[in-house]
Amino acid sequence: MVPTEYYIALSSIIFVIGAVGVLTRRSAIMVFLSVELMLNAANLALVAFARQWSVAGAATALNGQAAVFIILAIAAAEVAVGLGILVAIFRYRSSTDIDALSEVRL
Amino acid sequence: MTLAVILIPFLVALLVIFSPRGMAYALALLSTFATFICSLFLAGSSPLSRQWIPGFGSYFELSSVGAASVLIPVAALVMIPTVYYAGYKVVERTSGLLALLLAMQAGLNGIFLAKDLLLFYVFWEATLIPSVLMLGIWGREERRQAALKYLIYAVAGSFLMLISILAIKPLSGAVSYRITDLMATTPNLATATQIWLFIGMAIGMAVKLPLWPLHGWLIDFNEQNHVSGVADVAGTLYKVGGFGFFAWALPLLPAAAQSIGLLFLILSAITALYAALIATTQTHLKRFLAYTSLAHMGIVGVGVFGLNIAGLNGAVFLLAAQMLSTGGLFLISGMLYERKGDFDMTAYGGLSKSAPALAALSLFILFTSIGVPGLANFPGEFMSLMGAFQTYPWVAALATLSVIAAGVYGVNAYQRLFQGEQKEAIREIRSAEFLVLVPLLAGILWLGLFPSQSFEHIDEQSSLLTQQLEQVDATPVKLAGGN
Amino acid sequence: MLGFLLLSAVMIVGAVGVISLKQPVHAALSLVGTLLTLAVTYVTLEAHFLAAVQVIVYAGAIMVLFLFVIMLLNIQGGQQASDMKWLRPAAYGVAVLAAAGIAITAFRNAAPLPDAATINAALQGGGAEQVADALFSEFVLPFQLVGILLLTGIIGATSLVQRKAMTIYGEAQKKVVAAAKPAKAKASVAVLEGPEPAHIAPAPAEPQAQEDIEQELKDILEPDDLKLIKGIGPILEGLLHEHGITTFEQIAALTPEEIEELDEKLDFRGRIEREDWVSQAKLLAEGKKQ
Amino acid sequence: MSAVELAALAPALALLGALINGLFGRALKEPLPGYLASATVGLGFLFSLFAFFALQSMEEPSVHIALWDYLKAGNFDLSLGFTIDTLSVTMMLIITGVGFLIHLYSIAYMHGDSGFSRYFSFLNLFVAAMLILVLADSFFLMFIGWEGVGVCSYLLISFWYTERANADAARKAFITNRVGDVGFLLAMFLTVFAFGTLNIHEVNELALAGAVSGGLITVIGLFYLLAATGKSAQLPLQVWLPDAMAGPTPVSALIHAATMVTAGVYLIARAGPLFALSPVASTWVAWIGALTAIIAAFAAFAQTDIKKILAFSTISQLGYMFVAVGAGAYWVGIFHVFTHAFFKALLFLGSGSVIHALGGEQDIRKMGGLHKHMKVTSFTSLIATLAIAGVPFFAGFFSKDAILAHVFNSELIGGSKYLLYVLLLVTAVMTAFYMFRWYFQIFRGEERLSEEARAHVHESPALMTVPLMILAFFSVAAGYFGLPEFAFPNVFSHWIERSVEAPVSFGHPSVGLEWFLILLSVAAAALGLGIGYWVYAMRKGEPARGDTGALRNLSASGAGFDALYRPLFIRSSEGLASGLSSLDSNVVNKGVSQGAGSVGLLANVVRWLQTGYARQYALFMFIGVAILALVVALNGGLS
């Protein structure tokens, strides 16, 4: 079996790729896609840890996987609302360039 | 009773938000009356103590012993006409404003009653929200700027204060955040540690006091608040910085108070003189009032940092008294604005002719504000300055000079508004408006003529504080009358 | 190990694709690939139920939603040059450091895996039953909360997307009703007052009204390039968008009063009339239909 | 309640009158508020009389009446109470007696004024405050009255507020008084510092017992002196009193001549033991008094306003009183307060009668020959003029002579006393001179009335002339209470010295010298009157010549103090205030909102970071993550 650290390394790579995407892409939808990458990287780490810490008969063995399930559900909600905002913004400005959305500035 | 003065306004505030205008008004008024009546029975009411955040060693502890049983009734008294006037004068989103006023009162009472440092902080911050919202929603054209400025000052100050508050328990090894536990251990802290903690707390409190040069928010805050002056009254009640020093910073960190109190005393004296001088030049009515109240706060500071029991008592008393006088003046500014739509004092003149009663009442409150004896501010002002004089004569003498400037700005304002040739006749005070001022007048006379009871209450707390202060210092603080 | 490396390679390539492909559709598809690979990886980690959910919910439902939005909004790739050029190299640098940090930690703290039998006994393959056990005992409160969150999300998303269409639909409905009455009585043409956003469209009869609704919906979702009107630049276009004007038809239908109002609100100083936007827009609108 | 304690009701009565007139005055028909106000003061006078007689038959020197505990802080205790002793009762008699007459007079004088009830409300309030001032058993309560009379003075000077000049005059009076009040405050702070109490009796006892060092007592004394100069219009705070004439004339009579301005003298007499222990402070008091006396007398020369001449003469006479109390002759100071109250009130009321008769004319150049139109006013004014000039057998002669004699014999103020004596003697000549001018220009000589005034002129109604006559009687009679001690029985000194027990001793020169001193002061009065007669009656004086010498201008400008103070204090403090104001709004306040200024650098850094670009914020966050990860990694993992 492949040891956990390899999965963690893979997870971290996917995570930073996602992060780079968030930082470098200007289209909001692309930023969204990159965020999904980051979420999934975290999920991968959780699943890997669930296997690492599994002890026979322990009730906590599946905690990692259960957490992943919850993250999935939250991700679904996030995507739904996020895309809704995206559509609203697009209507308003006919663009999804997030650099143009700098009203939060003081 | 102890809990009631917080719960009544708070719960009614919740109700009021969702009520239609008329009902909200009635409810809010009822609440202020109920709170006032409850507050009268505060002295001697039983304290309250429950575990609150056990892991943190924080208690939900309230007690009315001391300054609270003076400040809360006065604030409650001021709230009655304020809410009355707000419901009567503010037309847009009245329910919301009333709810915020009540929430403000609840938080304020919490600040005065809290005997647990964390609880105190929570109330301290909680009151920030209604005051910002009132400014941000009901303010005038440049309210956003003003609110932002206020927030920056308040939040930055509170942040430093929070750090000190969180640090004080672990550093001192106290078992809880209750003041009794803290007071038992914190004086043992090294002086250097105390000074750092003190500075953190002091900045947060100095912003709210406010102390020069951290007073920048106050002027815009008052200038931009709703023209009725209602929110300014709430803001006036909210000047709790002096109370913070009195009730927390000084008793907890006596060594720091002894070693750097003088710095703050000098700043207070500067504040008093500086603000009073500037007030003499102001022609914008609300800015004028802002500076006058700042000058009062300077004297409060002088009383507090004089570290003398007479001055401490006087400062807290002045804090209560100025609620009445400054609050009254803000309400009068609202009445004048309603009549003429202007805060520029030079646009007025000779109003005594058409509105003699309004002029007389204004003069009465103006005289209160500049410390004419027999009226509310005077005992506080006198004792503050006198107390500080016993420890640091020169600084107190400097601050006393502001009395002259007070005379100048007082008669300047009266002359601009009410004397001279009448430029334009205005409506005489309505009976509804008269009712607004009556409770304030009663309070002013009561505090001005019979302050002894209030001083007794305050003394219960300040004598504890002076004991703390004496513990640290090898050379005891010279007390008034101690030959 | 070989399998893992292979999966990793596919996943990384997919991830890089997500962030580097120009067209959003391509990027999304690349993400689907990555997610599917991840599902397979879950299987190797004894999480069968999650693998299935990953495929169904993530690679399926969520990604379809993405694709739908991308296509609905017709988002094109291609970026203008950013005014924060330094951001890209900085991001790469930080990314490498962060990844290195995490990886180093992982390898330095490497612990031996429990033996296969223990894992099997504990996870039991991570089937639906086992995960459900955990969810409904240990995680029951978070699970409920997630349910509420999803519900809130649905409502939020619906209201965000639907608001404008709903109002327009409501207005159009009124028009239909209003139009139907005179149509029955005199079969004449009813002229109606224009709702906000400014758009006056005669709705002679029911079938036309229905078409109108569709047309308006289309207007909202598909803005015209107002910059084609001489005198309107990107800034003015933005301002007009803010006031709900996105199509040529809307400009063409502006009444003199409305023009005056707009002029004042947007501080155009009479440009609308001077440059005769209305007739320009009329021409353009006709051109669009053909 | 004994007869003595009844006196404590007097301020309450006046306060009640003020309250009724203030609240319901507008509902009352015109003369009623006036009679009501007069009644309260008159009743107060009766009570004072009871106390006066009761005190005479009493063993103990004073009666103390506790009012209520005002406040308490630590072991510092402020309780309010009245002291009724010979000194305070004397003052009460002056205040309520003269006050009563002036109230009556005002009913006629203020007839038809729209602020009739307001006027009487203020006047009553003033009497109440003044009574509190003199009855106070502590400096603190005295300060309450002290500020109270200041406030009432402000209200009454600006009584006709629609004219800017009146409001300005009131403002000036109030602010100048405030400067003195700060002196009072600081003096009280020092008193607490030194004695631990503000009770006057206790302070005096402690001081006499030697509980406090002489240096400290001197400083305290000097601050009380500053307070006294403010209220009593002495150098350097005398500038407000001439302007205060803007108020109604009876107000000038009551407040700015007979009562309020004497508060400074009263204060020093009350704190007599304190001053007696400090020759330095006493010398200061005497010198300030003497300088004020002569400078004010000089300033009175060129005044043309009927009331301003009297204002400067008031300042000058108050200077005399200061010299008296400075020399340690406390009863003499009070004696002059006593006699001065009558003849100065009479002079003012006489002026009021003239102003009333001429329909508001106040310029003495446009008067003259009024004697034949208003005989009562003229005769009574003549009596007052002779009294203030120090002509023998009139009240002013006795008190002024007592002052001169006591200065000459004083052992408290040391070597400079002869110089002071000469100054006062010169001032006496000047006083007689300008008072002659005052009387002659108004009542004698040729008529210079304007057409309008001529048509208007008439003797005032009985309500005004009767008080004049009563005051005229006392302007003569009051002096006989305090005949020269060396040859006659002097009831006044024994009476006052029951209350003021200050260890001051005076030299006792030979009887011949005493008579010589009296002769000197008679000569001074005669000389002044003679020069006056020569200049104004024989040579037809100033109205013919339009004199405009530099000296004359200096005199007309009140010795130039206003011109000096304007740049020195007023302009400079205004400049400072507006400078601070712009500093505050441009630097201190802009600090946060505009990123510059006080918060400066930090604000700029924060602003640079706040670009509004979400991606940039994300980068910062990510940098944080990377740092965390690296720190954990380099620290060797998590465990």
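Just so it is clear, A, B, C and D label the chains in written order, and each chain counts residues from 1 on its own.
Methods note: a contact is a pair of C-beta atoms (placed from the backbone, for glycine too) under 8 Å apart; a residue touches a chain by one contact, two chains touch by 3 or more.
Model, not experiment: these values are computed from the prediction.
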In whole angstrom, the CA-centroid distance of chain B from chain D equals 36
Interchain centroid distance [CA atoms averaged], chain A/chain D, Å: 84
Please compute the C-alpha centroid of chain B, do the same for chain C, then give the distance between them in whole Å. 51
Using mean C-alpha positions as chain centres, tell me how far chain A is from chain C in Å, no decimals. 17
Residue numbers in chain B touching two or more further chains are 148
If I count partner chains per residue in chain D, which residues reach a count of at least 2? 613, 615, 619, 622, 625
Give me the residues of chain C that touch two or more other chains. 84, 87, 90-91, 94-95, 98, 102, 109
Considering only which chains touch which, label the overall pattern as line, ring, star, complete or other. other
If we use the touch criterion from the header, which chain pairs count as touching? A-C, A-D, B-D, C-D
What residues on chain B touch chain D, complex-wise? 145, 148-149, 152-153, 212-213, 215-217, 219-220, 274, 277-278, 280-282, 309-310, 312-314, 350, 352-353, 356, 360, 367, 372-374, 379, 382-383, 385-387, 389-390, 393, 396-397, 400-401, 403-408, 411-412, 415, 418-422, 450-452, 455-456, 459, 462-463, 466, 479-483
Given the complex with chain A, which residues does chain C contribute to the contact? 1, 4, 8, 11-12, 15-16, 18-19, 24, 27-28, 31, 34-35, 38, 41-42, 44-47, 49-50, 53-54, 57-58, 61-62, 65-66, 69-70, 72-73, 75, 77, 79-80, 82-84, 87-88, 90-92, 94-96, 98-99, 102-103, 106-107, 109-114, 116-119, 121-123, 126, 130-131, 133-135, 137-139, 142-143, 146, 149-150, 152-154, 156-158, 160-161, 164, 220-221, 223, 238, 241-242, 246
In their shared complex, chain B is touched by residues of chain D numbered 22, 68-77, 118, 140, 143-144, 146-148, 151, 154, 158, 161-164, 167-168, 170-171, 174-175, 177-179, 181-182, 185-186, 188-190, 192-193, 195-197, 211, 573-574, 576-578, 580-581, 584-585, 588-593, 598
Looking at the complex, which residues from chain A come into contact with chain D? 19, 22-24, 26, 31, 98-99, 101-106
Chain C partner contacts - residues on chain A that touch it in the complex: 1-21, 23-27, 29-30, 32-34, 36-37, 40, 43-44, 47-48, 50-52, 54-63, 65-70, 72-81, 83-88, 90-94, 96-97, 99
